[in-house]
Each structure stands twice: as structure tokens, then as C-alpha cells.
Amino acid sequence: MSYGTSFSACRALFVRDFSLVWRRRGDALNPVLFAVMVVVLFPFALGPEPNALARISAGTVLVALLLAGLLSLDALFRSDFEDGSLEQLVLSPHPLPLLLACKIAVHWLTTALPLLLVAPLLGELLYLPRSELPVLLAALALSTPLLSLIGAVCVALTVGMRRSGMLLALLVLPLYVPVLIFAAGACNAAGQGLPVLAPLLWLGAGLALTLVLAPLACAAALRISLS
Amino acid sequence: MTEFLSMGGYGNYVWSSFAIFAIVLTLDAVAPLLKRRRVLRELRGRVRRAQKRSEETA
Amino acid sequence: MNPLVLWFHKLGSPPYFYRLAGRLLPWLWGLGLISLAVGLYGGLVLAPSDYQQSDAFRIIYVHVPSAWMSLFIYGFMALNGFIALIWRIKLSETLAMAAAPIGAAFTFICLATGSLWGKPMWGTWWTWDARLTSELVLLFLYFGVMGLYQAIEDRRQASRAAAFLALVGIVNLPIVHFSVNWWNTLHQGSTVRLFGPSLIDSRMLWPLLIMAIATKFLFAASLLSRARVDLLELEAGKDWARQVALADGDAA
Amino acid sequence: MNSPTPPETPPLLEARGLAYLRNDEPIFGPLSFRLDAGDVVLMEGDNGSGKTTLLKVLSGLLPPGAGEVLLNGEPLTLARLSHQVALLGHLLGVKGELSPLQNLRFAIGLGGLRPGITPYHALKSVGLEGYEDLPLRQLSAGQKKRVALARLLLVPAALWLLDEPYANLDREGITLVNRLLELHALRGGAALITSHGAYAYTSGTPRRIRLDAVDREFAA
């Protein structure tokens, strides 16, 4: 087993981060519970009437998942920054964007994926029409990595600060607007029987672009906030 | 004159728009002046502290 | 070194910039206020009232120049941020951070006057018109940059982080604009263009251009006066800053 | 540098006129020194004299304000790609939830493995035999430091930058650090240690470099 190659570094990072999440798997459920709680609030606020809820169901699930993802973003670099392993990462001879891409991937797998799995349940809570569910899942599959990538860049900018939760939301939410528009647009289009391919393709294009640019931007942002 | 002020019945909308424009830009122009006064006061404090310290050590 | 590079290099030294800005300021304020007066007179008095919106359309003379300025200043901020990050030029950092509050001010004016214009036309204070919505997102982008700048203690690191965020924001602006337009057509169909009174009459048009020039002068003046103060605060440890404070002490 | 001696290999680490400014106030003045294979150099200075900042500049974490850092004669960023530098800061960079073994496996995955040594062997030589699978949370500060020292043994870095290695170590720990430094120097490595007094490097008289705090209130 070779050591010191970029591949081994990524593998080591995956193994370490997964075992860390596994060691605290109770915490991994928090975003899911938060999302369920937020969705449950809407029937209390708007009344349980199916037609009213059905109309807003897809959008509400998207916003709930977006906010749950936002809350879990802070943990991306927080613990590594506090115990110094972020410095070891930046110091390692391997390309920093690649390592950060691994960290973001692990973050997406451990927070966004459970949210994706719980989305049908959330949809059911709000009488989500059958026709919209597959489109909602497709839109989520494309938009949640986008949200994690964009969020990672902003987290890298606020990593040095103690209580940056609210500021992080202020930085990230304007950047989330286009993603939410296209994801919700796809679901609404499905609801009205319109073609859904266009918004989903836009999300795919955005994801392809961000997959390449975000790790680079994240590495640059990290160097700024660590200097 | 009053006809001019009424702005075709939309007077309060038009004049409040221009009022907001004027107020916000004035605040934006005044803010640095206030900050300038504070910064200069702090700077003079630093100078006095430095002079006092250099007299003590001299 | 050719004179331009030499001048730009000299501009980099704070005391030189401080004095130069000091000399320019009265001119900028003067030109700004004069062109403002001319523009307002042209817009409020000379321009005929619109056949459709009668005199309500005159709000355009503050609304549209502010919209232009909000985008212009964000571009200015991102450009200076780029220069500051790539070539580590301290002056660009200061200029970028000084521009942020001014940009936010113009964006706020644009939103406020837009809703004041919407009320008589649409009967509601806020209309999810595509451009107003993009402007609202732009306002949050400004607040994000200013918030980040305030939140970090080390001034140099704060300005570099905020400049980087401005760069991320500038990439995002066209995407937001496109997606909001797409969203608007998806939900409301093509709405009547709220802010497009017929500007065929040149008497309506030239005041708008004068106002655009006026807002640029006012921006430059406010920017330089803010940049001077920030430089003074940043360079508090330096000799020239002490001289300025002492000189100002006697004058005040 | 056409020195009279035969063309010697470039120094392992060389700083030329190195300085760092924060908000335009000097953290440490222009500094020039060189570290050859087998050198152990002690960097002394009271608190706030910029020792930690200097180490961050030398390791490439921070760009220098002025001057340059050369590793094996090459500018820092290029050379570092060949696993040359290991930094041990105040924050040890180890995870509390994971065991020493898991931490070390991550470290060698990231930094590469020196031939002829395994994580078990490294943990034994720093006196952590039997603690291999205990989460680090349950170990003492001294033991956590030993895990970080074991990482130094495992990673093929020729240059060690240690920020106050003797901090929260008992007498035994200090002798351990000295032994590791001697071993590293004999193997042709070099080490730069910072400390503000609690110092006990016994073998040989290492070169000392003095870093005095600059009066920050008013720069010249």
C-alpha cells in the first residue's frame, strides 16, 4: 500500500472523516431532525388542509433541507481548525483543493444524503403530489452538492471566527438563491405538467461548474483566513 | 407652485423618493467625517502617550 | 518605469494618496452637487410629464441612477478586490472596503424608490419584479461583504477575505440576474415593464444622464473621504499619521 | 555564493532577510540564518516575539513580508512537494475521538511513511505501548504530545519545525524529545526548536538565534 501519493492522502482523509462521523453518529441525525421539525411547523402555521399544503409542499421541503444543510456547514472545518489538523492539511504536500474536495464530499455524504433519503417522508407530510416527487428528488440530488460546495467557500472565509453561524447564513443565502430558484422551478413545472428538463439541466451545468471552481476558491479562501 | 408640488397627484410618492435619496446620500457623506474626528482624537491620544513615555524614559 | 506605472506606484504610498485625495475632494463634491442640481432641475421641472404615469415617472431620476450605481460600485469593489488579492496592493483593499457601504446605500435607495414607484402603479409597496428582486439579492451581497469585513479583527485579513467574497459575489451576479428573470417569467408570465416609461422625448432623457454623472461624482467624493479615514486608522502607527493628527489638532 | 570551501550541498533550510509584518507593524525583523543537515537550532525569544509566526513562515503557511525561504536551495513552495517539512505547533493536529493508531495512519496517509518504521513501532518508541486503541480524549496532554512526536518519527520530513516541544512534558518526556532530536540529527535531518526558556537540549551545544520583541507602539 503506497503512502504519500495524493490518492493515499484522499483515502486517509475519507477513512478518518468517516470514522469521526461514525464515532459521533448521533450528531449525524441532527440535520434530519431539524428538517423534519421545520416541515412539521408549516401545517401548524397554514392549517392541515391538503390543497393548501400540496401547493407549497415542494418549495417548503427544499427550503427546509437548504436550511438544515446550512446549519451543518459550520462543522465542516470547525473541529479541524480548533485542533490544528487544518494546518496539517494545508501543510501537506498534496494539492489543497483536492483534499478540500474530499472533505466537502464526506460532508455531503454524511449530511445531505440522509436529508435526501428523508425528503419523500417530508413530502408526504405536506401532501406532495405524486408527479412532483421524482422531480423533487432529482432536483435535490443536483442541488444539495451545489449547496455544500458554495457553502464550503463561505465557511472557509469565516473559519477563523468564534461565533460565525449567523454571519455564515448572511454570506451563503444570497448565493443559494439561483440554486433554490431552479430546484423549486423544476418542481413547480412538474406540478403544472410543464417540461422539467430545462431547470434540471441548468442545475447540472451549475454543479459541473461549481465542482471545479469551488475547491479552488475554498483553498484560496482558507489560505486567506489562516494567514 | 402648488400644482408643481402636487406632481399630478403623486406628490408624496415623488417627494418622499427624492427625500430618501437626499437623506441616505447625506448620511453616507457625513459618516466618514464623524469617523475622521474620532480617528484623529485617538491618534492625538497615541501621540501624547508616546511623548509621555519618552519623557519618563529620558 | 514609464510615468503611468511610476504614478500608480506613488499612489500606493498612503501619505501621497492621503494628500492627493484631500486636494481632489472639494472638486468632486463641487462637481457632484452642481450636476445633481442640474439633473434634478431638468428632471423635475423641464421634463414633460409622462402620458401614462403623469408625474410619478419622475421617480426614475433617482431610481434608475441608483440602480446603475449599485451595480457599478459592486463591479468597482470586485475589481479592486481582485487587484488587492493578486498584486497585494494595499490601496485597492482600502478602496474596495470603502466602496461597500456606498454601494449598499445606493442599492437601498434603489429599492426604496422602486417600492415608492410601485405603490401608485401597482397598489402594493413591494412587487416581485425581476429587477427589484435582483436588486434585493444585491443588497444582501453588500451586507455579506460588510458583515465579513466587520467580523474579522485583523484589518488586513478582513479586507482580503471581504474582497474575496466580493469576487465570489461578482461571479454570482449575472447568475442571480438570469435565474430571477427565468423565475419571473415562470410564475407571472411577462409582466408589463413597470419601469419603462416611454423615454422617446429627449427632454426626459438628458436629465437622467446628468443624474448618472452626478451620482458618479458623489460616489467618488464619498469614496475618497472614506478611504482617507480608513488609511489614517490603518496607518495609525506610522509617522505621517502622527503629523496629520498634530496638524489637524492645531487647526481644529 | 562562491564560498571558498568545495561546492557544498545547498543548506537544508536558509532564510535570507526574512521579515513579517502584520498591519504594517513588524512581527520579527530582517532575519538570516541557515540550517544544514544534522543541525539543531534553538530559537529563543520572550512571548510575542513572533516565534510561532516565524515557524509558520518557514513552513510556507504564511507568505513572508520580506526576504525569502529556501529549502535545499530551492524556493520554499516547490521543494515542499517532496514531503520535506513537518511542523509541530501548539495545536497538535490530532483528533480526540480517534485512537493514536488511527491518528497516525491518517498522518502517514497524508504525509507519507519513512521506510523501516510502522505506527506500532513509533508508538512503542515514544512510550505509548498498550495505548494504541484508546481514544485520545482519555490520554493526558503529555501522552497526546507523544502521539504527535510519534508522527514526526513516521513522516519522512527532513526538516522539523517544533514550537515549544518541551511544553507540558514531564522529565521523562523531555529526555524522549532530546533522544528523538539526536536520532533525527544523526540521520541527516535538521530541527528548529522555539522555546521561551524551558529548554533542556543536552547533547552538543546547538546554535541559538535570539528573537527579541519589537517595540510595537511606534515603528521607526
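Per-chain residue numbering starts at 1, and chain names A, B, C and D are given in the order in which the chains are listed.
In this section, contacts are C-beta pairs under 8 Å (C-beta built on N, C-alpha and C of every residue); 3 or more make two chains touch, one makes a residue touch a chain.
Because the structure is a prediction, the values reported are computed rather than measured.
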Which of A-C and B-C has more C-beta contact pairs: B-C
Most centrally placed chain - per-chain CA mean versus overall CA mean: A
Centre-of-Cα separation between subunit C and subunit B, whole angstrom: 17
CA centroid of subunit A to CA centroid of subunit C, Å: 33
Subunit A-subunit D separation of Cα centroids, rounded to whole Å: 37
Gap in Å, rounded to a whole number, between the CA centres of subunit B and subunit A: 42
Multi-chain contact residues (two or more partners), subunit B: 46
Subunit A residues counted as touching two or more neighbouring chains: 227
Sites on subunit C at which at least two other chains make contact: none
Sites on subunit A touched by subunit D in the complex: 3-4, 8-9, 11-13, 15-16, 19-20, 23-24, 79, 82-85, 87-94, 226-227
Subunit A-facing residues of subunit D, complex: 59-63, 80-83, 85, 87, 89-98, 102, 105-113, 135, 156
Sites on subunit C touched by subunit A in the complex: 85, 137, 140-141, 143-144, 147-148, 151-152, 157, 160-161, 164-165, 168-169, 172, 175-176, 178-180, 182-183, 186-187
Of subunit B, residues touching subunit C in the complex: 4, 7-10, 13-14, 16-18, 20-21, 24-25, 27-29, 31-33, 35-36, 39-40, 42-44, 46-47
Contact set on subunit C toward subunit B in their complex: 40, 44-45, 49, 54-56, 58-59, 62-63, 66, 101-102, 105, 108-109, 112-113, 116-117, 119-120, 218, 221-222, 225-226, 228-229, 232-233, 236, 241-242, 244-246, 248-249, 252
